Amino acid sequence: MAVVPTTVVSAPVKRRKLRFVANPKATTGLLLMGFFVLMAVVGPWIAPFDPSERSADLLQPPSGKHWFGTTHLGQDIFSQVLVGTRSVILVGLIAGVVATVLSVLVGVTSGYLSGAGAEGLSALSNVFLVIPALPLIIIITSTLPDTGNITIALVIGFTSWAWGARVLRAQTLSLRRRDYVEAARATGESTWRIILFEILPNLTAVIASGFVGTVIFAVISEITLAFIGVSDAGGWNWGTVLFWAQSQQALAQGAWWWFVPAGLAIALLGTALSLVNFGIDEFVSPRLRGGGKTTVKTAAGRKVRMRVGFTPVLGEEAK
Amino acid sequence: MTTAPQPTASGTTDVVLEAEGLTKHFPVRKRGRELLSKTVRSVRAVEDVTLRLHRGRVTALVGESGSGKSSVARLLAQLHLQTSGTIKLHGEEVHAKGGRKFRAYSKRVQMIFQDPFASLNPVHTVRYHLTRALKIHGRAGKTPQDLEEALYDLLTRVQLTPPERYVDKFPHELSGGQRQRVAIARALGADPEALLADEPVSMLDVSIRLGVLNLLRDLKDRLRLAILYITHDIASARYFADETYVMYAGRVVEGGDSESVTQHPAHPYTQLLIDSAPDPDRPAAEEKDGGTGEPPSLIDPPPGCRFHPRCPHAMKICSDQVPPRFDVGEGHFAACWLYGEDR
Amino acid sequence: SNEGAKSGGNGVLNVGMPNGPQTENNNPFLNSSAASSLGYRRLIFEPLAMVNEVKVTEPFKPWLATKWDWTDNYSKLKLTIRDGATWSDGKPLTAEDVAFTFELLKKNPGLNIEGVQYGDISFAGNEVTLGFARSQFVNQKKIMEQFVVPKHIWSSISNPSTETLKNPVGSGPYVLKSFTPQTVTLTVRDKYWQDLPQVKEVRYTSYSDNNAQTTALATGASEWSFVFIPNYQAVYTSKDPQHYKLWFPPVLGVHGLWFNTKSKPWDNPVLRRAVNQVVNRDDIFTQGEAGYFYPKVDNITGIPTPAGESFIAPEFKDKTVKVDVEAAKKLLTDNGFKYEGDKLKTPEGEQVTLKMTVPSGWSDYVTDLEIIKDNVTKIGVEATVDLQNADSWTKALDTGDFQAAMHWTNNGPTLYDIYQSIMDGDLYKPVGTGGINGNYGRYESAEATKALRDYANAPDEKTRTEALYALQRLHVKDMPVVITSAANGGGQYSTKNWTGWPEESNPYAPAQPTLENALDVVMHLKPAA
Amino acid sequence: MSDAVLEVRDLNVDYGLGDDAVRALRDVNLTLYKGEVLGLAGESGSGKSTLAYGLTRLLPPPGVVRSGEVFYHRDGGDPVDVLRMSHAELRRFRWAETAIVFQGAMNSLNPVHRISTQLTDVIKAHDPRSTRASRLDRARELLNLVGISADRLDSYPHQLSGGMRQRVMIGMALALEPKVVIMDEPTTALDVVVQRQILRQLVDLRERLGFSVVFITHDLSLLVEFSDRIAIMYGGRIVEEAASADLYRDPLHPYSHGLLNSFPALRGPKRELTGIPGSPPDLRAMPSGCAFHPRCPRATERCGVEVPVLGIPGSHRDRTVACLLHPVHDNGF
Amino acid sequence: MSFLLKRIAFYLFTAWAAITINFFVPRLIPGDPVQALITKSRGQMTTEAVQSLYVLFGLDKDESVVEQYFRYWGQLFRGDLGLSFTFFPSPVADVIGDGLPWTVGLVGITTVVGFLLGTAAGTVVGWRRGSWADLLIPVTTFVSSIPYFWLGLIAITLLTGPDSFFPASGAYDTGLVPGWDWEFVGSTLRYGLLPAATILISSMSGWILSMRNMMVTVASEDYVTVAHAKGLSERRVMVGYAARNALLPNVSGFALSLGFIVGGTLLVEIVFSYPGLGLQLFQAVGAKDYPLMQGIFLIITLSVLLANFLADVAYLALDPRTRREG
């Protein structure tokens, strides 16, 4: 009866956070985002020129001196894009935070609590969903005397929370009757603790992806507002650059360099955010994970795609 | 014509938790033309259930899926409010709707949820779960060391040893049996007098299942807990419970000492249940032709005895009147008209 | 009816405006109608006389009125109406129609855009007599440019201000042929009181924005337009230098940097004069106004030349402003301002700052202000350009809640409109009170107010000249507005299919297709050889 | 060894590729005979489902069959290796020869199609020339076969109870009269009463139609009652295989023994339940030697070193076991 | 049935709330249409015009916002949206009537086509996960991150010009009179091509991504494996089993995202000078044309609601689980 001592070799559990970063999409997205955030912080210091400063080089194509060329006033477009990053990132983040906080407040409370108040909140978010957001933002923005970054961010934040609230409400509704919530109640937890510590942590991924989504929306909205001349967003941002390019008919003048960098920057930032979002999605739903190789080589040397319904047979010799 | 004088399995031990005439109707959403009418439709999940939990004894509640077992447990834990009927803790009626009263109640009556995979919050560690249970019920002590000791003590009690190996794990890092034990530890954290264990083993593997059941039995013996053991595995009820109640479609149809209920089932439903349970000792050929048909809808249950549409012995009275409890042996009753006529 | 669009030459003139899709509305009284916005009301309805804003000294050109006499110090007007003019439905145009038109304006203040206060209106034979409560010297243009509508149609219109006039009947040489939200086509009548114009058909196309309009001009799809084109050489004229022209003559209206004269330290005229000395009007003209749009104004009086040349007081005749930083600095230091390093301090020792506001979408104004910002830094002023949305900017100006702003003045046949907009004490409202109609800078000068009143009511030319010179002196001394540019009466046109356009050498009319003179211009056009 | 319908030879199945692959099945050998019910038991995660899906090649990614053969014996024809079939051949083979009933019926039925559609499309796929009416007739017949009235044909899955859905799946499995029906825990989610009804029906049908059944569950008592033979799996291997009565009476492998001592019996005297201490092995870090040795009450030093092979133990004839306690004297194949 | 009744109640409430918000928001804007008109003309209209315009627009009467609100509802019930200020005195209904067909034609059709194409592409990409089709994902992500207007501008620069087939702006050849003749329809199609392509490219990618994700999720559902096990043809499994189920979440997402699409395509209309509602709304905002703004918002709100309703109905038809008897 000699029982061989069991040593349970439990492989070190990789914590979730690391698993998220291990996702190649998320990593690329985070790196790109990091770059943009870095530029937002240091951009104004490393910009070679004052973005508003006029010079004699009117409407020059890109050169060693002016990497992205110049405007009709001889301003350096590279510096404008660089300096503009801050405003874009700032507005995106602030609006994202505001909208996320609101959507969490509205979504989770209306999902967890019942009664008239909760119904009212959910109706409110439905109303906001139905009103087209961008036109509303344009209208509200054009009512405000001051259209600095913060204001724009707040307007965007206050008008774009509804989508997130709806998703969160649905999620909360499904979480509310989960056994662990009931169990927490049975243990004697108070309502606010249940919302904060039992439900919210489980919504992290949803909240995070909602946040990223709002940031994308906010960035595009801010740029759009500046582009159509509704806001100035307190100085330079990519939209302002595009606004000037458009009002000076840059493309008709052949000044492509005036348009392209800012547009590409937007697309890149958008891509970065979407990648992070994918990362979150895949993190939440393991089925979406690309997960290593998807094709296998059989012993005969053929390549077979792994797919549902037709398991590949490698046909190796048994060892 | 309702509750006849109530025969209990054993009158000697003291009653901890008691339910009388417990009824729960879940309202269902109206649809179509009903919107205009005044009738309220509801799922009659629990109907007139009377049972008692005794100190140091395990009471089993068996019955098929959807017969209202979990609902009874939730009612007893005051997670649902009963539609009617009373719940008494040590003879005192409880109304613990929420807030401080509910906490005080939950300190004395704790519940273990049906599904060990669902009842632990995936984002919290074992430590968090147990610490909360201890803190809420004021048993965390004053210093961190006290807390740590209390934690280790809990984990040791449910045989998760050595405790330090489990205390900082997340639920997904534990096996089903281990999770179930954490859930039990959490319930014990409140130092309750009554434990409502809702199918604590149904999701588990045979080998792990046994460990959890033995643990419950041990707790009952050592801590003198009153335990409600809910299952639909009638064989395990025979093994672990002192007394057994059988539910069918929201009603208790039979109850009594476990051995006599399982070995000499009186109610036709209990008989069907026992006949249907897989039994390796019985050759397939020997099988009787068991009942057919589906469990009834609880929204619109059959009148009278709810089992009568499937019952091989159904009589006229069965479809007219709800049978009261009739004694069929010592501390063994059945709610079936078959036994009413004997008298 | 769908024959191709790009058909110059065969008697068709393509006019374009960047005004977006239109709805069918031919009411000439409403500025919101398609007829006004695209300008085709000018070819359907005719004025009493043509006034050439570009050469204001020229006498008015008789049109439906052959003769007009002002009496009682410009408070009574007797008009003689042309014989032989007919409406496009064949009925003759009579003095009754003219009187009816003025009655209409009098009865419907909503239609009376020009705000002229009409008194008695009567007609007899081919004469119409209008009476006014006060002198209309400064309003002559507004009255004589009034177009005339047929009584037999309009008298049956119950509410002329909500009339969309699907079927406009006018006395001009053209009638409406078809209307779509994008294109309105006019075709020439077969009968007209003058020789019929050579343009047989005029197509007005409404492009959605400046870019689209510019492209249309560059491709030749539009032959006449009025639009702001940045870098017009590259985008427009270079595409066909021989034919693509633009002519933007100044008219008597100006744009400039308005100061809130109640805001410290800009209540000090010395400071404003110093700024005037350093503003680089050439840069503003070439960079902000693309080298043509709002012509440069550099006379110290702010009077646009050559349009206003003859009105300039002798002492200012040749006083053009050149950027002179040193002189400006000297002016400042002589008047108690100090420099600390290159920062300008008020006599009280405070840094001089200048916050200039502008609507964020107005790229030319913003550019102008950027240039001014640069310029004033040279004299140590810390300037900022504050972009606001158009509404709050309008409100800020209305209530005086600003320090400095780029803005315009009214324009008119005399300099009165410019100076009245800037300096009229009768318009004055204190800071914080809105509803102001000019004098946004809250300029207060009894002298100026008196001079303006004198000018408007003077019985004789001499008094008027005196008043005008006084106003110029006041302006130069107090410089409430640093005038940089003139309003224009310009337009872009192509000589490929049509010649005879107004130009520098033959400035018979402004070149803008929506002004009253558009009909005159069309009458001058001849097919290119 | 006559009358085999399905022969599994040295089947190895991995989840994933290369070194971090989980080796879910190791050298599994199993034979299914004509007309029998073969029970497959073992605790959760021992590879029962993997075996069922592996031999039909329905494993979801990242599952791959690393090596092995699965011979299917056609009537009067040569055996064919299922693992060597092309996709088209596989499609034709599936359901016509082997049908499979999955673990949860709710998830096996497409929620958006009617029962009738789901019953007939399989017939249509394998017999494109059949008429719609004939297919519907067949569908009706199938429902009757499993005891559901034919007027349920137009229902959607959610309108049926769990037991009915499971029966629909069983009926569907019989649609093309396959020779082999594989059932993966077909009744776990159901009530004992319903479970018994369904199993009884299945036994009846098998007698009438003569197909073979692979029946997977971890409920040993159920298997003992219903199956002819039982194979016990542990840690990706088959550790014992015997006629059900033999296994119940005299389990050879300590794991089988433990399993049988883990469930309470409803009737008869109360036995002492011992259970199996310890927890199931981690497939990524399998113990050396016999996978069960860390939990085995009778383990010896040798168990930790040597991997026991499945073979016929000395004392018995018609059963196999993989345990060093029972020396193999003939590997049987 | 109850589902539908509840939805209808919900729609009525939402419509009421949205219309109320639509009414109040523009009124909070400082400034008024007259000032906006004067400002817009920058000196080309004299300041004397102010008074006449107030009279003209009827803004000289003192009426409290509440009175206006009730009057507005009164008008709405009579189907009267009021008179536009920018196009005074054209009724808002007429102005919208001019723009609506273009928006419906361009935005509506392309949105639906984008959804359909994107969903189809997403089906294939999701189904063939692990094959070359995955290469589409990064491209799609990038494209979907590009703002509509920028894509439009680039398209205009690269593809339009004096000799190009693609016109840079407008909805049809300037000389044409709208009608159902071939020339006009052809010209409409030609003018719509570029903006449509822009919307298609940007909106499609979103649907590709979400459909792909749903396909991946659904492809591992048991019933799909069962379908394979049944030996059904590949197409039948992909379409009838996987895509049919994966479609469901997309359908309700589609309706809800219409609101966003209308907002987003406003830019396309601006960039391509397409005479639709978006452009009108933009101009109305600039001109403080409350009645027009309200009218357009009303139309957008109602059409989003309608789309939601249709999506609900579609969902009802597509997912038998939401269908209840009785």
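Quick notes on this one:
Letters A, B, C, D and E mark the chains in the order given here, with residues in each chain numbered from 1 onward.
Heads up, the rule we're going with is that a residue touches a chain if its C-beta (ideal position, glycine included) is under 8 Å from a C-beta of that chain, and two chains touch if they have at least 3 such contacts.
The structure presented is a predicted model; accordingly, all values stated were derived computationally and were not measured.
The chain with its CA mean position farthest from that of chain D is C. By number of C-beta pairs in contact, A-E leads over the other of A-E and B-D. Per-chain Cα centroids separate chain D from chain E by 54 Å.
Centroids of chain A and chain D (each the mean of its C-alpha atoms) stand 47 Å apart. Per-chain Cα centroids separate chain B from chain C by 89 Å.
Averaged C-alpha coordinates give centres for chain C and chain D that are 92 Å from one another.
Among the residues of chain E, those in touch with two or more other chains are 29-30, 220, 225, 227-229, 270, 286.
Counting partners per residue, chain B has no residue that reaches two or more other chains.
Counting partners per residue, chain A has 10, 142-143, 145, 228, 246, 294, 306-310 as the residues that reach two or more other chains. Residues 64-65, 175-177, 205-211, 214, 232, 234-236, 238-239, 262-263, 272-284, 287, 290-292, 294-295 of chain B are the ones touching chain D in the complex. The touching residues of chain A, when paired with chain B in their complex, are 10, 13, 178-189, 197-198, 201-202, 204. Taken together, the chain D residues at the contact with chain B in this complex read 43-44, 161, 163, 190-197, 200, 203, 218-222, 224-226, 248, 258-259, 262-268, 270, 273-276, 279-280.
Contact residues on chain D toward chain A in their complex (touch as defined above): 10, 12, 16-17, 27, 53-54, 57-68, 83-84, 87, 90, 278-279, 282, 284-285, 287, 293-301, 303-304. Within the complex formed with chain A, the chain C residues making contact are 210-211, 214-215, 218, 229-231, 234-235, 287, 360-363, 367, 370-371, 374, 387-392, 395-396.
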